[in-house]
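Quick heads-up: structures coming right below.
One chain, chain A, links the two complexes that follow: it is found with chain B in the first and with chain C in the second.
Then we have the complex of A and B:
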């Protein structure tokens, strides 16, 4: 099962540990805010807005090296725009994994 | 040779950092001005600076990529600046809509670092080959 990792960020950063740390800091701040916003819009059945939130979250999933997760997020984003919420639980599982990873 | 001057439009801070980092590594002479959305980009464009290329995301608050393209294409001052859309959206409708609005290229942000680097460096190395797709300002086009 795919897990969040720093491979993409490390490749991007090269030897620049300050850059790596700054990317991680931004993710740690923005990720929970974006997830909160998604949950709020989803609860209100505001699926277009929720899709835009998933779009933003998708970037962070990709940055954390989760390619399958990014594909799922892309599918969920499109489905939400059509009012289809079937992928919600799969998406939330990915979010939970990242939550745990960032809090470690 | 004149260095390339770009306006990079993306509300995502990490995406801007990512792009700048790759430029720094492989295309250090590039001058990049950052804008957080279409409105911010128009403010930069309206300043005295001259840009060779606009690289823009689509999904942004205040003024999204489509609204920004509409504003650019209807402006006698900016309609001829080549625009490359760099988005994580691979939806066919978005891509078709952008080309109908005269963009020069549409790049989907790759997931792997190596692919991302190739995409960005190819774009910057070949920017002079980018063709301007609009020959005159659009009149009153409403794409919404």
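Then we have the complex of A and C:
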């Protein structure tokens, strides 16, 4: 089962641990804010806005090495724009994994 | 090449800035979290290249392009793979990077930009502007100002391009590089040396002094060198 990891970030940063730390610091700040916004819009059934939030979160899912997660997020984003919320639980599972990973 | 970054995602801006910092060709002047801030900046500052996010709140990347009067080159960035066709309908767009952007893909976009710039040069009324030269050094594309080059020396399968600040070892031949240099200021004085004639300090017998280097001039080339320099 796919888990968040630093493979992509490490490949990007090379040996630059300072850069690696900077990316992670920003992700730790932005990610919870973006998720909060997504949940808020989803609850209000603003699915178009929620889709835009998913679009943003998707980048961080990709940065944390989760390719399948990125695919799911893309599908969910498209589905939301059509008012389809079926993939919500799968998406939230991905978000929860990242939440746990970032808090470690 | 001067560039700016426009993206409401701080992580994306950081990554692009870092990738640019590792390239000698692109220098980041500023970064913006909104296209509107960037427009104000561009009203007073000219840039060569913009890394532009498509999906931004209120004012998208496409809105930004439509607003600009004078278009720099644009490399679009997005997490959406499906906008490529639409992206290239816009004038000025030279590439489309899907996030998260990898090092390799970023480098390829610079190579693509270089190829486009070279093509644009050769199409400009049949006149090639010899201001810059792009060379491949350690898998990176390095931009050199031609006027900074004072000497090129052949070293087997490689050439050593010497500029006032740095030397570059490139896998190429003197013949290939000579074709890219302006003939009125670069001259092959010897089978192993091409010199920038405007950098000659002194000529003595069959040698020229360039910067602090004494370079041999072959007998067969001496006459033409003298003629070129308009010497009696």
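FYI, the second predicted complex is superposed on the first by the 104 of 104 C-alpha atoms of A that agree within 3 Å, B and C clash if a C-alpha of one lies under 4 Å from a C-alpha of the other, contacts with A are read in each partner's own complex, and residues count from 1 in each chain.
We adopt the following convention: contacts are C-beta pairs under 8 Å (C-beta built on N, C-alpha and C of every residue); 3 or more make two chains touch, one makes a residue touch a chain.
Not measured: the values here are computed from a predicted model.
Participant: Touch test for A:11: chain B only (first), chain C only (second), both, or neither?
Facilitator: It touches chain B and chain C both.
Participant: By the touch definition at the top of the document, which applies to A:63: first (chain B), second (chain C), both, or neither?
Facilitator: A:63: touches chain B and chain C.
Participant: Between chain B and chain C, point out the one touching more chain A residues.
Facilitator: Touched residues of chain A are more numerous for B.
Participant: Going by the contact rule set out at the top, does A:20 touch chain B (first), chain C (second), both, or neither?
Facilitator: Touch partners of A:20: none, neither chain B nor chain C.
Participant: Overlap of the chain B and chain C footprints on chain A, residue-wise?
Facilitator: On chain A, the overlap between the chain B and chain C contacts is residues 8, 11-13, 16, 19, 22-23, 26-27, 30, 52, 55-56, 58-60, 62-63, 74.
Participant: Can you name the residues of chain A that touch chain C in the complex?
Facilitator: Checking each residue of chain A against chain C gives 8, 11-13, 16, 19, 22-23, 26-27, 30, 52, 55-56, 58-60, 62-63, 74.
Participant: Could you pull out which chain A residues touch chain B in their complex?
Facilitator: 7-8, 11-14, 16, 19, 22-23, 26-27, 30, 52, 55-56, 58-60, 62-63, 67, 70, 74, 78
Participant: Given the complex with chain A, which residues does chain B contribute to the contact?
Facilitator: Where chain B meets chain A, its residues are 12-15, 17-18, 21-22, 25, 59, 88-91, 109, 111-114.
Participant: Would you pull the chain C residues touching chain A in the complex into a rising list?
Facilitator: 9-12, 14-15, 18-19, 55, 57, 79-81, 99-100, 102-103
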